[in-house]
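Structures follow.
Two complexes follow with subunit A in common, the first pairing it with subunit B and the second with subunit C.
So, the complex of A and B:
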């Protein structure tokens, strides 16, 4: 049989047995669509969960200091003869170490803060840059964060933690009120959302943020005390932290640079990522199994339903090779067409479900390509045996009826 | 009546023979149902197991921790402002015995302190407490050992160092057995706490030292008296946190002799942000499990239906033969319904058995807590069997109405 003849007879058969073909297509389509949808929704959920942990636990950033934690408030002045990080080196960091998304230079101090007659000792005062809110994942409870003008002009304004707002301005709107650090009056323009208490008993809600320039005016630091670095992929946090430390120790030979990150949270994140990827594998495997079974059943049925026809062909002179070739060609054609439709169907189904149920979905080319490949593979693998069997049939027996097994 | 029963018997034996002859077709139909049920149940069950695993992992970050902070809370919901000395160790058994669902409870006296050797001094958080604190705060010991009960009972002068303190004071040398001075008192280092890194607020969790509460009280370290600054509590599950908070309040108010007009002189803090994150995370997983169950049930269901319909079409010839041999329409319909009920029943039972075995085996193999999604098992069982029967009934009616001649010709 010539190739063109093979194709023609394939198409003819498929359209002649339209109902069986339709069911077979539907089966494969469903199998592939389920696979696409399940993997996209699974991956979306995984990403959403890990994002949530990164947002809560700052597991996407590490912190560089020139003074070890535990010594002083972060090295305001050059008391210990230590090195202070310069802006130029900090700004160049993302160019030198791939994988670093943003750097956030911050000044830290602990200082008394007052408002009117009320005074609180040992409050964290931070001089911040414009991207501070984004990098530290801070939510604003009321008012707003510093504008670009506030930061650039060093306007005497402050964003304060809710504990301070409650303490200084009970039953009042703190926005527009003034607090005092050293001798400087600062207008409260925003109140942060609560962050609660840390395991060490420190209250993260007792904090005053001021623009960089204001901090320099207040404390005249010789350099940056803290630099927070956000990485593109939190899974690389540990590696990039180590690279950054080496990089700075090469730039400032003889000095120690201290790099820390939320290790406990990062480890928990890793474990959670493992659990989720395990579950993803389970659901992908399960949906493959379901889709595979359906496809296998259909292929088997469609072939065993045609034994009489095969007998007729053989009686008319078709060779074994022709028969099995035809069966395989049919299976492949159906698998590919139904697979492509299935991918589209899965895509639509996922979008619909994700929209309605507020799930996130991430499509990857892996799922559809794999799904299609799988559909084809199943079709061929389960097509080969019946095709061979059909080809080996005695034409007389086969012709006698489709009921013979 | 008797003839009826006989007819049923005939049909039943016919069905059984059909199944025996068409072993492969029946096997495939049953296999579809088995895989449908066991796969959906396995997926949901392992989803629940994974969810349980996530809860355990989040617990290490302190989701089930409550901290009672001593101090008067102002009515505007601010946190501790005025320190008071009413909270003491007497409150510990009152809470432990008065509230259900408490795993561990530890008294804490927390103060900034200066710890030093001859050469160097470090400003740190010093914590005087009892052994359950280590479990509640998920602190592990990386070198040496934690306090023994004996250390605590005999108020031994021993101290545990956080990683930051250990590396600043002792650089890279082994600190175990060395002595440090905490607020003018000599203490022997018996252990170093495993590194925890920064917390979400960029506070250093390793800049701390821990001493037995009894030692602090006996030697007067930290200027300690009888009272506590905090009580740390670990509850059994996060769900009961609101109840536990509610129950602790009257116990402490009574213990501190507060009258109705006085405000609480303590503040119960949970890990609000972490709990919000956990609620969100577990919600996403639950959503995912449900959606996946729907998709796979739907997909599997449609798949099984398609298979059934094709396989029935092939039997039109057989139906025609039966009709030609004198079977009535009713007999044909009964035959098909019997057949699909039997197949559906077998598939359902075997599927249910696998649906229990698979998730348990996989969970155990990957050291997860095995949980079986019974609801999913029942739903998928019901749906699969229903599909099996419906897919059998529809063609049965269709086939029984056929003219035997037409059916035979096909």
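So, the complex of A and C:
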């Protein structure tokens, strides 16, 4: 009975003073709306930025080599005196080190490539295993990539870089034409998107991809000097790279294993994620703080206008905590109403902004839950001072409409 | 029994000391109908505030049924105001946004054991003051006399022993004043102690006991002819 009376009394007061109530709500509403928009747009933007970084920088994979980068490209036979990693050890890697998702053997050779009368020396030829494209995030410009059947059956086909396509087949469609590696004719089935200059300074567009079966047929490798490893969680990249390095160094004592991972991009990824969420928190926090301050002032003002009422309630038996409880009930009710409206406004705002600025937004349970939680928290925290002031009023003076002796 | 023993109350306003009550020692027995009169500033309202536990004396003691109020906490005094006393004010002090019935219910908010059906209890009180057809009216839609009757119903709703009325007729015309006084007299005849503060002689003269204050001191006490302590009464000590 008492609770419903208190609630009705609170509600009545708020609706009777609708303009003040509205202004009290506005602060919290804006705060929560911004919070919701900031969370949704922030998470969307963050996801997109991270997505781009991941696509661009391959933050989830590292590369192991038996020779330092820049000293010749991936030997296949030990005729250069290079260490070759055995296929059995490579295949066993995911079983030895938890957290490694897949191991991608890199079948890498540099070899002359020709088409008709044209011949180019020292072109990168790479053997392609299943899910190669996924790891490298390669895009096809025209034609298609190898099908699973192509890779498994080792069909004599090739996907070539745009630089080769332009060189060998200027002003004609390279698809269906043939190139020659060693004495094998390969049909061009696809052309890659341009990638420009690679990290190691080579023209990444001068490349021939062949199914790994074809590669083995061409070069008969005894092992591999380069392996790309993909991890399950990019955050563990450095740790797993070190473990993999140890693993191979233990198998091949006396040999040095070289590892390269996109440290810069991995760090940038974390940094961007942290910076973004930091600023988002600052913005949302500031707007809620403003909302709370506005509400505290208006609650103080409203109490000054209700001194006689508070005096009367005290004369009728209200204890100090009844009075402060009523003020807090009012600020809490305002906060909840404002919070709910703020969440709705936030959704509208987010959709509008996402449309206009072509941003991505991700809605999740975080926004409404945090929105309501913070609205209520602000209402209670900023209601405490006015509530205490109201509770301390002297009943005799308050009945006269005066606050001080 | 209300017992004030050497009660003093001083208001300080900067360097000014206003001695609102000085050496007040009176006893008020149950079922008494007492008027407190005096000029403006004589200390009547201060006396009533102390009697109603809205204010505490500066010195001296105030005992209610033998209990020393100076030993009670603010919360205990609030509980006394809620169920021992009913207050009626000159300006009615109704909540303007609440209808008559809701205004009468308010004391239940602060009662430790409100009735199971507060609306019914409140309706009965409004019936008692003759307003059963005005329960849904807002104070602004009622005449002054009707508003004061709502205030009396509110004062009665927790069934207090004592009704304290500060200038209950001060804002009303003569005829309405008489109606309000009649209601208070009837409550007294039903067994309630009624203490009113008034500056109107003809109102005071209708009360069996009249205490006259001047400059914070008791200067006169009028008693009815048949005054006996067993039958309620006021004693100046």
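Assume the second predicted complex is superposed on the first by the 233 of 405 C-alpha atoms of A that agree within 3 Å, B and C clash if a C-alpha of one lies under 4 Å from a C-alpha of the other, contacts with A are read in each partner's own complex, and residues count from 1 in each chain.
Here is the rule we use: a residue touches a chain if its C-beta (ideal position, glycine included) is under 8 Å from a C-beta of that chain, and two chains touch if they have at least 3 such contacts.
This structure is a prediction, so every number in the text was calculated from the model and none was measured.
**Q** Counting touched residues of subunit A, say whether subunit B or subunit C comes out ahead.
**A** Higher number of touched subunit A residues: B.
**Q** State whether A:294 touches subunit B only (first), subunit C only (second), both chains, or neither.
**A** A:294 sits against subunit B, while subunit C stays out of touch.
**Q** In the superposed arrangement, which partner chain does A:242 touch: subunit B (first), subunit C (second), both, or neither?
**A** Neither partner.
**Q** With the touch criterion stated at the top, can you tell me which subunit A residues are shared between the subunit B interface and the subunit C interface?
**A** Correct list for subunit A: 405.
**Q** Once bound in the complex, which stretches of subunit B touch subunit A?
**A** 21-22, 24-25, 28-29, 31-32, 35-36, 39-40, 42-43, 46-47, 50, 53-54, 57-58, 60-62, 67, 69, 74-79, 81, 110, 122-125, 137-138, 164-165, 167-168, 195-208, 229-230, 269, 271-274, 276-277, 280-281, 284-285, 287-288, 291-292, 295-296, 299-300, 302-304, 306-307, 309-311, 313-314, 317-318, 362, 366
**Q** Which subunit A residues qualify as touching subunit C in the complex?
**A** 1-2, 5-6, 9, 12-13, 16, 308-309, 312-322, 395-396, 399, 405
**Q** So in the complex, the part of subunit A that touches subunit B is made up of which residues?
**A** Subunit A reaches subunit B through residues 19-20, 23-24, 26-27, 30-31, 33-34, 37-38, 41-42, 45, 48-49, 52-53, 55-58, 63, 68-72, 163, 166-167, 170-171, 194-205, 226, 228, 260-266, 268, 271-272, 275-276, 278-279, 282-283, 286-287, 289-291, 293-294, 296-298, 300-302, 304-305, 349, 353, 357-359, 401-403, 405.
**Q** Please give the residue numbers of subunit C that touch subunit A in the complex, ascending.
**A** 11-13, 49, 52, 54-55, 74-75, 78-79, 81-83, 87, 89, 93, 95, 97-98, 102, 105-111, 114, 116, 118, 154, 158
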